[in-house]
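A, B, C and D label the chains in the order they appear, each numbered from 1.
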Amino acid sequence: MNFPTGIGTSDADSISLLGQDLAHDLMGKVGFGELAFWLVAGRRPTPGETRVFEAVLVALADHGFTPTAIAARLTLLSAPESVQGALAAGLLGGGSRFLGVTEDAGRFLHELVEFSDGDDWDGVAREAVREARAEKRLIPGLGHPVHKVEDPRTPVLFALAREEGVFGPHLALFEAIGRVHPEVLGRKLPLNGAGVCGAALADLGLPVDLLRGFALLARAAGLLGHLAEERRRPIGMDVYLTVDRNATYEP
Amino acid sequence: MNFPTGIGTSDADSISLLGQDLAHDLMGKVGFGELAFWLVAGRRPTPGETRVFEAVLVALADHGFTPTAIAARLTLLSAPESVQGALAAGLLGGGSRFLGVTEDAGRFLHELVEFSDGDDWDGVAREAVREARAEKRLIPGLGHPVHKVEDPRTPVLFALAREEGVFGPHLALFEAIGRVHPEVLGRKLPLNGAGVCGAALADLGLPVDLLRGFALLARAAGLLGHLAEERRRPIGMDVYLTVDRNATYEP
Amino acid sequence: MNFPTGIGTSDADSISLLGQDLAHDLMGKVGFGELAFWLVAGRRPTPGETRVFEAVLVALADHGFTPTAIAARLTLLSAPESVQGALAAGLLGGGSRFLGVTEDAGRFLHELVEFSDGDDWDGVAREAVREARAEKRLIPGLGHPVHKVEDPRTPVLFALAREEGVFGPHLALFEAIGRVHPEVLGRKLPLNGAGVCGAALADLGLPVDLLRGFALLARAAGLLGHLAEERRRPIGMDVYLTVDRNATYEP
Amino acid sequence: MNFPTGIGTSDADSISLLGQDLAHDLMGKVGFGELAFWLVAGRRPTPGETRVFEAVLVALADHGFTPTAIAARLTLLSAPESVQGALAAGLLGGGSRFLGVTEDAGRFLHELVEFSDGDDWDGVAREAVREARAEKRLIPGLGHPVHKVEDPRTPVLFALAREEGVFGPHLALFEAIGRVHPEVLGRKLPLNGAGVCGAALADLGLPVDLLRGFALLARAAGLLGHLAEERRRPIGMDVYLTVDRNATYEP
């Protein structure tokens, strides 16, 4: 039985990663974000693609005291010897509700883009919003609980993608949804940043069924920041005591 | 009760990260590795520091079919709907044995560096190796199961750190250990790459009790590569069947 | 802000669990399986219910070298100091594919039971199998990769539920599916044990959206068995080397 | 390459667990706690051992809104589709600080018991407390943040172990520590319940390096209770908002 892989191999004298000599061709010559893209996509991104990709990772790295950041800090409080456990606990919250928008938006757009010839994004968008409305489904990436008028990340990421020449059909369709949805829904909602990130990642050709993976990678950096801060200036014990002391027994 | 944080906050119009305006000051302007450094260290690294830091992340991202990569793939096989679970399962192997060398080496060197005036690294190294030998302890980062003569990452990382002007006491002491240990142990072992990474991270001023966190961040990228490959060309089922079909019952 | 709970509270002199005095009313007086049922259902099970419930947990505890057991052992190999990490890694494979049948079957049956008056289970079963066939869906719990004729757990669990007087509509409908599906599908498949477990748990009145939780609890015991065996007579290193040494580089 | 195991195997007609026929010898005939003991210890416990073992699991199952319970609930809030992820996140807090006392106490006692002839537990205890005091180490299992006078679980577990004839050297030594420590420390601390649990598990002959595993198994049941309650009457969102709304930016 053989186990094929295109990722990494090593022997006594050399380490190979993605078919490259790790020590001589990659270390000091490829950035970390660039390598993450390469590992998943199986091809090295261009500098423009890398810039947009890293902007997405930066956009998704942290949102303050999210449930995942709190869970990671509480886990470090309980098991301070296991940084890997605290990080894993934080990432396990990277599911459908708080971290899923990126993948959901990318996938939603991808399904529409696949069957469009790209002539009329406003038309495609109008129909998609109508259909979602009729079926009482939400459009992934449309609306935000805090940024009710505009998510500040949205225009920046659109502009970056245009500047770097990687503004493709997913971003175009998402932008069209931002333009036409008020006609159908009767009110204007912002395109949220996590959704634009999903559109941008899809335009970069990354697999839509792994977009959540990039959100998780970005969040891993944010969670490390929280764990470092928890070591320097802990809040976990206060969170725990706030809940425990205000617990009321109700059968 | 207040919960202080220096990481992220947001309001209706803006998102702030590390005291910066996320959308306008960070996205497209800071790299992902650079941001990860900043999040943990609380200060923005210089370009030279960033280059060495990213070289470390690149060096640690993947080592082929490690136990952690196999565990992540088997978890994806069992629960394909949960990328976060597969990634977390892989990271949970980031403990003392296969991913701990970076932190162990950084911590070991740090304890020696703190009490040295830096005049005589060879002397400090000689004494440390002698002491470890007397107590039958291994020196973290010395020796490698595969790269028995030289780990190809080691000279590259030393050179990079020198080139970027961030070659500090931890790398100097580690290099000295590489020089003097044959006198004490009677045979020559290579300085392994994971150990040099730990020395380099410590020289960058990163907290030694979180060095494992960077190994985990690096490995998160490698694991995403494995999960993407597992989706395209799976081996998890073959691994499982290889074990299950060769199981023998022995009480 | 108050945080209501009906589970546990404590003060200086007493610990209360589920409204009972833990030390005096529960320890030594309630079994562990019984307590697990009580914690989730919010009511104490009868002795007959407890017997069937524990039989389900016993049935689901272990299936040898499953992907989850292998993942747990590999994680212990990498991070031997963190039993919680190895256990968590094993449980993370408790998703849709290898451990989901119990919940899927329970939920599938529950949706049919809710809209039936219970007069004619064969009729309900026939229609459900027809509909699934027309939509090319599988019936959860029907068929098994290894036990192609009969899963030995199935008749035992049916008999136990009858003996203890907790044979309800979910088991009745599942049994009917076992009876009538050959008429529709043209071949006879076994009702698998994990599916009967789901039907039995649903008949015990446990919440169908948490049935996977019981499979996970059962598996936690099996995984502890694997971790104990891994400590005594390890196979993790051999699994890792078998994969790594048979790795072939293919881009 | 063969992979030996004494846990489980199966073929087309039968499933074997621990060398028994799962369907005919175990289901309905062995309790779940009994099976968990058997899986780890490799031998079937007596009824008396089972009763004490299950009392330990019951004692450790839940302590209300612990950090691990809160982390599990927050993870369910973020990723409601992944019960396994929420359970795993909760278990990952089962480390040194909040769930480690059971193992720490068992191990501490075991090291002393191994080198004692059992004639004079008070003498062994006195010396151990003196030594710990001299080295400024805490005695695992001595003292409790809430139950400052007596942990209500302690006398109950001592009595149960005596009643069932499984009161062995670990419990005897722990009891002696409870008796003699005031002479040395100058004040009386309670023996806490988690510590007695560790002593009882060690007296049952379970491997001291896996005692944490039983605490985790027990806690898995408690966490399922919390997840079920979170589904019925959620508090996760309120915990998150309490923290997030009281966040203050401090560099």
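Please note the rule applied: a residue touches a chain if its C-beta (ideal position, glycine included) is under 8 Å from a C-beta of that chain, and two chains touch if they have at least 3 such contacts.
Keep in mind the model is a prediction, meaning the values are calculated, not measured.
Look at the CA centroids: the one farthest from the centroid of subunit B belongs to C. Each of A-C and B-C has its own count of C-beta contacts, and the greater count is at B-C. Separating the centre of subunit C from that of subunit D, both taken as means of CA atoms, is a distance of 23 Å.
Chain geometry summary: the mean Cα position of subunit A and that of subunit C are 33 Å apart.
With centres set at the average Cα position, the gap from subunit B to subunit C is 38 Å. Looking at subunit A, one finds that residues 1, 3-6, 9, 42, 64-65, 79, 81-82, 84-85, 88-89, 92-95, 99, 235, 239, 242-243, 247 touch two or more other chains. By the touch rule above, subunit D contacts subunit A in their complex via residues 64-68, 70-71, 74-75, 77-82, 85-86, 88-89, 92-100, 235-236, 239-240, 242-244, 247. Touching subunit B in their complex are the following residues of subunit D: 1-6, 9, 16, 19, 42, 79, 81-82, 84-85, 88, 92, 243, 246-251.
Of all residues in subunit A, only 1, 3-15, 17, 21-24, 26-28, 30-33, 35-36, 39-42, 51-52, 54-55, 57-59, 61-65, 82-85, 87-89, 91-95, 99, 146-150, 152-153, 155-157, 160, 193, 207, 209-210, 212-214, 216-218, 220-222, 224-229, 231, 233, 235, 238-239, 242 touch subunit B in the complex they form.
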